[in-house]
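Below: a set of structures, written as structure tokens.
Here chain A shows up in two complexes: once beside chain B, once beside chain C.
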Partner chain A sequence: MTADDNADLHQSSPEPSRLLPILNQPATRRTALKAAGAALGLAAFGKAVSPLWSIPENVSVDEFLQQHYKELSDTDKQKVFARLESETQQKLGVEITISDPPPIPGVRYGYAINLSKCNGNGACMEACNKENNHHRGVQQSYIRVLELPKGTMDMEAGNTTYDHTVPQDDKYYMPVQCQQCDNPPCVTVCPVEATWKEEDGIVVVDYNWCIGCRYCEAACPYHARRFNWEEPEIPSDEINPDQGYLSNRVRPQGTMEKCHFCLHRTREGRLPACLEACPTGARVFGDLNDPESNINWVLQNKRVFVLKEELGTQPSFFYFFDS
Partner chain B sequence: MSTASDHYPTLDDAAHPIRSYPKFLWWCLGQATNGGLLFYLWMFVLTAIALVGANAWSVQVAEGMIVTNMTDHVSWGLYIANFTFMVGVAAGGVMMVIPAYLYHDKKMHDVVVIGEMLAIAAILMCLLFVLVDLGRPERFWHLIPGIGRFNWPMSMLTWDVIVLNGYLLLNLHICGYLLYMQFLGRRPNQAWYLPFVWVSIFWAISIHTVTAFLYCGLGGRPFWNTALLAPRFLASAFVAGPAFILILFSCIHRAAGVKIDDGPKRLLINIIRVTALVNLLMVISEVFTEFYTGGGHTASARYLFLGLHGHNALVPWIWTAVAFDVLSTGLFLSPLVFRYSKVLIAACAMAFVGAWIEKGMGLIVPGFIPSTLHEIVEYTPSLTEWKVSAGIWAVGLMTLTILLKMWITVFSTRPSLSHESPASDQPA
Partner chain C sequence: MICLAIACDDSASPETETKNASKASANETGEQPAPLLATGESQNPATRFAVSIRKPLGPPKVSTGLQDMHGNLVLAACSTCHTTRPPNHQNKLAKDLDEFHSEMQFSHGTISCLSCHNERDYDALKLADGSRVEYADVMLLCAQCHGPQMTAYQHGAHGGMTGYWDLARGPQIKNNCIDCHDPHAPKFPSMQPTFKPQDRFLDPPRTDH
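Take a look at the complex of A and B:
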């Protein structure tokens, strides 16, 4: 670089005032103008973000500072549950109880579906919607029932949005919900450990810890996760008051949720709502560790398969046909 | 600050008021907010756009992500698309750092700070794009190591948080230190910046690699699950970054009257010549594998390039990108770019926009279409998403403008120093 070039590069403005205009002007006036501009800008900014003032109304300090589920002591939990109960009472006028049944030691849950029996009637989806206090505005459910042409397992040929009478002669039906993978990619990717696998094999979400990044939704190969794009709305008289902290309590806006095998029921010895609702008896649920359980009978006597086995997710959810 | 002389200090004066680094930054900021009518107009327009964006985002936080057009099927959209692209732009700045420090290119040394400043503004935009994509932004503290629960090293997103913030700090330090030394008229002490420069070179590669791993680690999304993703990211970053810097050079020339030497320009053009070709080659390899092999895994690529079962929202986009990529590569390869600055700017703009489409919507959205259960739900960004994104771009450009003005201010305050600018420190 020649000296000329240098001068060109660094001094190109012929009079310094172009770069440092302040030199030729009364500083006070310019400073005052700048201050006025900054003040105006700040005021405009305050106005622009004013919708944010609804946050303090909706998110209490306790909720904001609440720790991860696993870091809450039993007394902390009782306080949190009481707060949630009273909030629901105030907001919806419904009395609910929030329970937190722990995994039963030694139990690992598995689910199986008899594809020869499933006729695509969707009763499971509906039951799921009611049991789990899903947002009523959208036909939300943790279950999707794929309608597939006989003769293929290719999901691309499938359809979940059919509204004709079922069953169709040339079709079969495959309900898909969270497969409670043994090697769940959704858990691996979560940046804040807001979702994890419990000892009984159920993958849960701490709705009060999830930051709503939706990475888990991108990672799940079974489309099993649902995001709360808005505040769920449920008519007061349709609210299921029997709620679990990690399962079917009403979810906050902006967080992730998913099927949890109705853990507030199953950990107390009852069956998942979708199974109870199924009119064809296609669903089998039980403890994989118990040799006498229904699910083990299926695994031993039927030729079962899992979805997308090649991905190595190791589902605890099985499919079979009567043969 | 009452008299003009306060603002144009004679630096050799021992009683000079600006001796501490924070004071220097404050003075610089003050100087950088001075300018002509054009400058104020530019900042005013950017502020207005930023405010519109801030407002749209506040509404989104209050009413929920429902105001975006994202769904459970397409759960990432315009925000993450922009995020991905900006990571590339940030990494692209390294293409000036390498020649400047690795090959002691003296002329590049004089302007390398521009690349680093671009990286700062780009990373800031990346962080903002991630923030606005969160359903619960007030819980961002859950991500802070120590007080939150940081799922490291398992989650690629935590890696990304680390590398992005690390890159931001590195560049802030290098830029700030070099400017300050320049301002004080002292030689920069190599120990205080060279190690950081070395680290930042590897770091630039890492921010883009980690961001690619974010996607290609997902087995359930065949469109992303390709080993070529990270190299492709880098190749297009090294096109988009230098292209943007070339445009910046011309803006700086026009708006501030500072002419950038031809040497760095030539070098950047030559870099783009190579990287644009590599990028094209990789696109062709991928398209070939997808379409020649066939099978269920090609559904997303078919959706992107040809449309699938009558759904073809992205088809015009991606072909625009392909056309821009090919055209700009052709222009870059021709001698015209050296001769006519208009041609150069057009080539740069096309390369930049082409990469934006290809690495943005062209990469993120088809990953979700068809969904993992092979349902097709299309996605077009909502007005809110466009507003928020425009707002973040405005904030980024504002930051960049201020940073560049700081640089110009310092250099015009201490012009004599350029003869012994950092490059001359290098042992030859």
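Take a look at the complex of A and C:
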């Protein structure tokens, strides 16, 4: 209805009181402008929210309507896993199984690295890349090995791009990955609760709930989180079919990811892939709650430190030197 | 190298027994030296899987430099030559040797060949007290000098491993000393890194904006 119609209606009406209230007003330039402005505003708003009325092509209706992971029942989860399995089958032509092993009751994981042993060869990074279905194009990995001059703990003095034979006599090597903090800043800052700490100490990410704001990446003092800038590209024959919902399934573009201590392996009692791959035997993994575990022997018998202790993040990841 | 699989118990335990089983692992990784080479034993075998240690096949063979009719290298056991030669306790380096072994690199402290090789039977080794030890049990020999390393090894803090951290759920396989260390030059070799993640934060800063 235009302002002119409104004015005509008003003038020709013998009984103004029977009209709708908005019409029962003198037509002025002001009301006309108001109406036109409102119409324009409505149209602009409609245009702005129009993407919400349609679901993007790469998101299925089920995925769009999926609840927060912690609110899913077991049957819901099975449906979600089946959906993801069939989507992967369709998209990549690979048969995979997605599971979600729960934390083992009473177990709390700890990981330690012997910096006297680590020689910076990077086999751990490669094992992580393969085990966790990382994007091959940029050789993504949850681990970053720093080469540091001997005599300093200043991580800013380190670099990760060395490509000479290792170890160099004046250098030492420090692999950094998620420290599975007991007081994780990345979890605190997440605006949608897409990342949380589980009972066994592992900080996990629900890739379907993550909105990709990257707050967590900025909050992590260890630079341990990674963002999927692109849809991960992995040759079909290199995809690891043993996948976990909260761990190594192929991530969608635009989501955060991080080291999860290979929870699809470790929650079934197996060792993490990076540990098995380490040719120097520098890595020690185990249950902090078990007084006889390897990790507890290290904590009790070696001089152990954590990275950036002063920040109060309370990592479950430790470093030590021999003797 | 072969993996000496020590009989595993297949009875995967229920989750509730995990903790008890983990405690029982003290026997395998604990202080007693006995389980070093026979780690399949444990106090509670019903809920335990074995930790097995890879073992060398046996006495090494030395190339004679000859080829048989198929073109294969002719290998000889140590005792083939050494039974007829008098032992020389002074030999430490390749240059001390008249024949064979001249291509070998020796860099293992100042010990002599016969510190470890057994002059009474060259197909075996000997401990510092002169007692015989088989090649397959070489770790006993290493451990007599490298005690701290062996202690760390027994607690999983030295040497690589694969398999299960939780022995209630599956077995574990550990390397032995000479899987990683050449006994004649035990320093861990240099390596060339082959895998480098491309870290976008390490790219040179852009100047076009």
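Here is the rule we use: the second predicted complex is superposed on the first by the 268 of 323 C-alpha atoms of A that agree within 3 Å, B and C clash if a C-alpha of one lies under 4 Å from a C-alpha of the other, contacts with A are read in each partner's own complex, and residues count from 1 in each chain.
The rule we apply is simple: a contact is a pair of C-beta atoms (placed from the backbone, for glycine too) under 8 Å apart; a residue touches a chain by one contact, two chains touch by 3 or more.
Here the structure is a predicted model, which is why all the values come from computation and not from measurement.
Undergrad: Looking at A:I239 after the superposition, I want to know if it touches chain B, chain C, both of them or none. Which is it: first, second, both, neither?
TA: neither
Undergrad: Would you check which partner chain A:T160 touches, where first means chain B only, second means chain C only, and both and neither mean what they say?
TA: Touch partners of A:T160: chain B and chain C.
Undergrad: Can A:G269 be said to touch chain B (first), chain C (second), both, or neither?
TA: Once the two structures are laid over each other on A, A:G269 reaches chain C alone.
Undergrad: Tell me which partner A:T188 touches in the superposition: chain B (first), chain C (second), both or neither.
TA: Once the two structures are laid over each other on A, A:T188 reaches chain B alone.
Undergrad: Of the two partner chains, chain B (first) and chain C (second), which one does A:V204 touch, if any: first, second, both, or neither?
TA: neither
Undergrad: With both complexes overlaid on chain A, does A:E230 touch chain B (first), chain C (second), both or neither?
TA: In the superposition, A:E230 touches chain B alone.
Undergrad: According to the stated criteria, A:R144 is in contact with first (chain B), second (chain C), both, or neither; which is it?
TA: It touches chain B and chain C both.
Undergrad: Could you look at A:G254 and tell me whether it touches chain B, chain C, both or neither (first, second, both, neither)?
TA: Touch status of A:G254: first partner only.
Undergrad: Would you tell me the residues on chain A in contact with chain B in one complex that are also in contact with chain C in the other?
TA: In chain A, positions 144, 159-161, 223, 229 sit in both the chain B and chain C interfaces.
Undergrad: Applying the document's contact rule, which stretches of chain A touch chain B when the two form their complex?
TA: 1, 3, 5-13, 16, 18-25, 27-28, 30-31, 34, 41, 44-45, 48-52, 54-55, 59, 64, 68, 144, 146, 154-156, 158-161, 176, 185, 188-194, 209-215, 217-223, 225-231, 252-256, 308, 311-313
Undergrad: Quick check on the complex: what are the chain B residues that touch chain A?
TA: 1-4, 6-8, 31, 33-36, 47, 51-52, 54-55, 57-59, 61-66, 68, 70-73, 75-76, 106-107, 110, 130, 133-140, 142-143, 148-151, 154-158, 161, 214, 217-221, 256-261, 263, 296, 299, 367-368, 370-375, 408-409, 411-413, 415, 418-419
Undergrad: Which chain C residues qualify as touching chain A in the complex?
TA: 15-16, 18-19, 22-23, 25-26, 29-30, 148, 152, 155-166, 168-170, 172, 175, 180, 188, 190-202
Undergrad: Can you list the residues on chain A that touch chain C in the complex?
TA: 104-107, 112, 114, 117, 119-123, 125-126, 129, 138-141, 144, 159-163, 165-167, 223, 229, 266, 268-271, 275-276, 278-281, 284-287, 289-294, 297-298, 301-302, 322-323
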